[in-house]
Amino acid sequence: MEIIESTKPIYAILISFFATFLIAFAARSPNLRESWTVIAALIKFGIVMSMLPIILAGKTIEYNLLTVMPGLDIAFRVDAFSMFFAITASTLWIVTAFYCIGYMRSLKEKHQTRFYMCFALSLSAALGIAFSANLFTMFIFYEMLTLVTYPLVIHSQTAEAVKKARRYLVYLLGTSIVFQLTAIVATFYFAGTLEFIPGGILAGTASDMVIVVIFILFIAGIAKAGIMPFHVWLPEAMVAPTPVSALLHAVAVVKAGVFIVIKILLYVFGVDLLAELGLGLALAFVASFTIIAASVIALQKDNLKARLAYSTVGQLSYVVLAVSLLTPAAIAASLMHIMVHASSKITLFFTAGAIYAATKKKKISELDGIGKQMPLTMIAFTVGALSLIGVPLFAGFITKWYMATGAIEAGHLIFVGVIIISSMLNAAYFLPIVRAAFFKPLPEGEHPKVKELSGYTAFTVVPLLITAVMVVALFFVAPWVMVLAQLVVASVIGGS
Amino acid sequence: MIMDIALLLLVVICAIVAIQMKDLLSAVIVLTVYSLLMAVIWFVMDAPDVALTEAAIGAGITTILFIAVLSRTRRGETEHNTKVRRFSPRAGLLIVVAFGAMLAVGTVDMPDFGDPHAPAHTHLAERFVEMGYQETASPNLVTAILICYRGVDTLGEVIVVLTAGMGVILLLRTTSRRKQLTNNDGYKPIMCSYYDRADKTTKVVKGEIIRKVVARLSIPFIQIFGLFVIAHGKVSPGGGFQGGVILATSIILFTMAFGMEASRKRLAQWKTDVLNVTGALVFLALGLVCILFGGKFLEYTVLPLGCDMWTNKIAITVAEFAIGITVAGIMITLFIETAKRDDK
Amino acid sequence: MIANIIENIPGLVVLIVIIAASLIPLVGKSRPVLAWGIAVIAAFLSFIMSLYILNVVMTTGKIRYWFGNWEPPWGIEYVFDPLSAFVLTLVSFVGFIVLVYAKKSLEAEIDPERITYFYALYMLFIGGLMGVVATGDIFNLYVFLEIAAIAGYALIAVGRRREALMASFTYLILGTIAAAFILIGIGYLYMATGTLNIIDLAVILPEIYQSKVVLIAFAFFTVGLSIKIALFPLHNWLPNAYTYAPSVTSIVMAAIATKVGAYVLIRVMFTVFGPEFELTVVHVTEVFLVLSVVAMIIGSVLAIAQTDIKKMLAYSSIAQVGYITLGIALMNVTGLTGSIMHILNHAIMKACLFMVVGAIVYRTGITHIHDFVGLGKKMPYTMAAFTIGALSMIGMPLTVGFVGKWYLTLGSLEAGMWYIIPVILVSSLLAVGYLWRLLDNIYFKQPENASELKTVKAKEAPLAMLIPTCVLALLCIVLGTFAYLPISIAEEAAKVLLRY
Amino acid sequence: MMEFILGKYNYLVCILLMMIGFYAMIAKENLVKKVIGLNIFQTAIFLFYISVSYMEGATAPVVWQGQEGVLYGNPLPHVLILTAIVVGISMTALALGLIIKIYQEYGSIEENRILELNQLEEEQNLKRAGR
């Protein structure tokens, strides 16, 4: 495989970092400040996309920034797998940047400068995770992501926000320090390196027992992936403003979590080692449990964002489940699902935020007839929901299809069952919302005409329409995406 | 042997009495006796330099400082039934016994007392004894080591004294608020310093004349003796420390006899402040001059003062005087700062 | 002439500080600012010299400077190996930078008439510590230890509140006990070997490892030094001493006093007695291991319980000392490297944090953490420095705190003691607990009642205080990011100590 | 046993004295008593050093010019103890200075009483702050 040395990944990471300063200096003039955000998002997207042709040509980009300690480098590597996450995050940031403007201004939120600064920083961290070439670099950006999203979660600074944000921090920082760092140290001690290498670095370096322990530590240490019982922080983080929930707690942060899980499974342990020790199967069961349990909990939530949050927990475990099946189709499905879930879930969160910005409604039971007030919004919501349920013509269908194929390939039909049951549960918690929105009458006294596309509200509605279109489009461009996925699969499973 | 053991027993008794007496003034007096006995023991053990120092510092200055403090605080030790109890005596006893037991275990492998073949006497000490006089021109080997071989230690020692003096100045020399406090420990309150009585009384107190006359007569002799001890440090026991303390004693005696104000008139505060650091600076300068002449710090022999013998003699004398100056200054400072009367 | 002076730098590096200390009462009598000027110049020169020494040691090896040109073991020598050069540089650097900071802080916290002597004692304190680090003679070490100790007691006692006096006295009693133990240890060693020179001792001692005199000497050294570094359960003096001392004293004490104690402990354990002694004769490492672990946990838990920021930082120091002794107890190069790196980390990070506290006290006079609401807005740069220091304490990657912890965890694995790792990490987590509560108050908490806000009049700290604080904060990051350099020194030092 | 004690009686007395001083330092409440203990403790250590330096049949280490074959005592511990005595007085002086200040501020030189006063003050402060 050809390796190209290039500083592009660093620019991609740093662009939003520098934007932070510009945003800080433009604190007095909101328009300039938001322009910086948008410009940074566009440039970032441009840089990421400029790397795509190189990757599609089967090359990788590497850059070793500096050696911190003997054996610990800050190094970046862009391969096909990184691109899945990088493209998702950088594309959706553009959309979210506009959405933020609408949401924050129509709600007249305080501390907006801090908000935009932290937002830009968290994108830096997300891309840092995507491009990291070793566990150490990844760990740095993982911690950075936790720290810079903390001010976003605590944004409202109410007593409730402070309490929940602190729990957010304890969960994410705590698990990462206690479990993940231990696992990294152990990996370094046994393998002598922290480099991500397709096929893994741990095989044959330590006894089975030790490897199992390291595995458990890693899985427990990556709370961002939301595998039960380390999912508690995710619903709590919904106390943050909706754009944060949308981009970070449906896309960047949690996707970073599953991204890292996949990366560690495939590039630290390696498919063969996992299969040999039966770890993949074990993880698949944990993920399955999370999928079902989260869906059941989601059913009981009346708060729209809470329901979406539990849905996220479940959907993340799809990714984990798929990869832990360890077959080519399933791995491809899991990569694909990163994109699919991101675009679908961000649409749903955008809708929740748009509804709140326009009508101050948070609960599902209040949404009767809202389809008449905000038809466009609710159509987009329907698109997102159908995609996640797995209806054909929407992106979600593709991943579920491949996932099921993968399960059959692996010979574990039980997981096909899990997928079917959970799809039914998905339908059970999404469809009633759609039904209530379109077919139930508005509560008395409410005016059916809300200006959906006027003032700042327009900024919230247009982005969600765009993402809805993306969800549909993904279904049709899936074959091209699969090309990228095949590149990854080929590298980790040795061409099969 | 019997004499030794008797002295040691006496010392132990003194120590126990000193810590058990409720009257602190008496305890301090017993402590003085303890120190003096200790000096005697050391003299018997062929350590005249140390004995002299202990007599001057341990029994002399320390006692004076203790009494000064008692006169400004209170004489009695009182039991308080307080809620806060930091440390029970029984736990203390336990720790102390463990501590003693550990030390005693160590004695098992020690060479016998007085054994001339102990490692302590055969390694470093041999060269000091054999070559000390030739290499330093100082017949008193203690001085030879003190000023020459281990000159930096001695410099450090001067700095320690200086540090303590500065520390006491930092603590006690302020004009900030002070509270008037009452004593309620059953002893008669001592409202002003013992040493300060002289300028407080207007009429002639019984015995005062004697005190003043004795002081007048003896002070010059004390001072000359102090200078002698300093200057002769290299040939006989004694030196800067002992001599410095003796010089300080003369001032302390003057203060006791004529009062703080009279003393301050003769020897103003700024003068002692200057004295304090002068000695240390002279010692440091002595070392630095050696560097300027191409040697190491405190390498006296590089100085162009004639033959090595004379160079060493002169350098040792300078160093002894430097030590003496600082020690004298600091001891006076310590005394005056602790013994001065509280402002009302 | 110049060549002469350069040749004598190993001695002058300490002496210049002491010379300055002796000059200060003369020169600064009427004008404290002159005292400050002399102190700053001397400290800076000393720092430059120590850098020079570090450079020479790392390029050409050990330096031995014979005072008076008397060859050791008869004379006293200064010995610089990688460890002592490293710690010396650290001490002189912190000493210098705190001095820059001290001017403003002292004006606010000390009677004007006391300032001159405060500077003199400060210099003696620094000089004493430097002497301890530099010396190669064990009795000389005791003398310099006492210079630093006596100066330290006085520096603590002039705190603003009367509790400072009692804190100082308690410290004096415990410190004197510690010093007496060390003196006993020296006496026993001298009795068994007849020498006082550290290198000479290291040669003679292996022949008489089995002697009970040596054993007891070792016991007394370790107990005495454990008091000096406030190793649990001998830490009682520390919290009050740090809390009630003037800010400047708290900074230097927290940053370098216990670190120098740790240095001496390492020196005694590894150079004087030698690693063989601990491994074959006393098995003291297990004891240290247990005490370190307990210190790391208890210190952090007690820190969580505090509401006074200085006390909180003081208890956290007790936990941090646990890290240092842990690295010593591991008895391998990686662990010891971690220990030395943690000495560096703790010195810089604690100095930074205490400087921030001093700045807060300077502007508002508050130390109670519930009163800190709103400081993030009022003193943004100071608080940014605090945040960085806090991250370094937690051990975030790319701060210097991470480096030490990384090596300690790796060292525990190497020693086969994987069960230490959770303790290290849980202790870090507890640090998150108490620091984050503080950061929440500073940045995010809303004042319940605006009129009760004690930070209304606060504003950014004066530049003379802000710059040193920010320099230290930056160092936390720079040394954590470009950790290669300090690690190479620390690793070299560890190798020398373990005789590889 | 007897031989052991006879051979080392001096060291054993040193240890006893150290114990007495140490006890006073940690178990006595009165601050002045603590300092008295400190003095006893230190002097006991000095005695130990001097005992180490003692040599049967030797004389004080001052060279007698022109005389051969004189056995001189070991001067090194004497030097060390000279230094240590000075350190001792320094420590004592500072401790006594502190006691004077403490008495001025608290009106007591009993440790427990002072700590109690500190605690009372702390409680009052907390009450005043309403926490």
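Details
In order of appearance the chains are A, B, C and D, and numbering begins at 1 in each one.
Note that a contact is a pair of C-beta atoms (placed from the backbone, for glycine too) under 8 Å apart; a residue touches a chain by one contact, two chains touch by 3 or more.
In this text the structure is predicted, and so the values were computed from the model without any measurement.
Contact tally for B-C versus B-D: the pair with more C-beta pairs in contact is B-D. One inter-chain figure worth recording: chain B and chain C are separated by 31 Å, centre to centre, where each centre is the mean of the chain's CA atoms. Chain geometry summary: the mean Cα position of chain B and that of chain D are 13 Å apart.
Rounded to a whole number, the gap between the C-alpha centres of chain A and chain D is 68 angstrom. Centre to centre, using the average C-alpha position, chain C and chain D are separated by 26 Å.
Multi-chain contact residues, meaning those touching two or more other chains, occur in chain D at positions 18, 22, 26, 52, 76-77, 80, 83, 87, 90-91, 94, 98-99, 101, 105, 111, 115. Among the residues of chain C, those in touch with two or more other chains are 139, 143, 146, 150, 153-154, 157, 184, 190-191, 196. Residue positions of chain B touching 2 or more other chains: 103, 108, 110, 118, 120-121, 124-125, 128, 150, 153, 156-157, 160, 163-164, 167-168, 171.
In summary, the structure contains touching chain pairs A-C, B-C, B-D, C-D.
Residues 102-103, 105-106, 108-111, 118-125, 127-128, 148-153, 156-157, 159-160, 162-164, 166-171, 173-176, 270, 273-274, 276-277, 280-281, 284, 287-288, 290-292, 294-301 of chain B are the ones that touch chain C when the two sit in their complex.
Interface residues of chain D, counted against chain C in their complex, comprise 18, 22, 25-26, 31, 34, 38, 41-42, 45, 48-49, 52, 76-77, 80, 83-84, 87, 90-91, 94-95, 98-99, 101-102, 105-106, 111, 114-115, 118, 121, 129, 131.
Those residues of chain A that touch chain C in the shared complex are 66-70, 72, 136, 139-140, 143, 147, 151, 154, 157-158, 162, 165-166, 169-170, 173-174, 177-178, 181-182, 185-186, 188-189. Note for the complex: chain D touches chain B at residues 4, 7-13, 15-24, 26-30, 32-33, 35-37, 39-40, 43-44, 46-47, 50-65, 71-83, 85-94, 96-101, 103-105, 107, 109-113, 115-116, 119.
For chain B in complex with chain D, the residues that touch the partner chain are 4-5, 8, 11-12, 15-16, 18-19, 24, 27-28, 31, 34-35, 38, 41-42, 45-50, 53-54, 57-58, 61-62, 65-66, 68-70, 72-74, 77-80, 82-89, 91-93, 95-97, 99-100, 103-104, 107-108, 110, 112-116, 118, 120-121, 124-125, 128-129, 132-133, 139-142, 144-146, 150, 153-154, 156-157, 160-161, 163-165, 167-168, 171-172, 178-179, 181-182, 235-237, 241, 327, 334, 337-338, 342.
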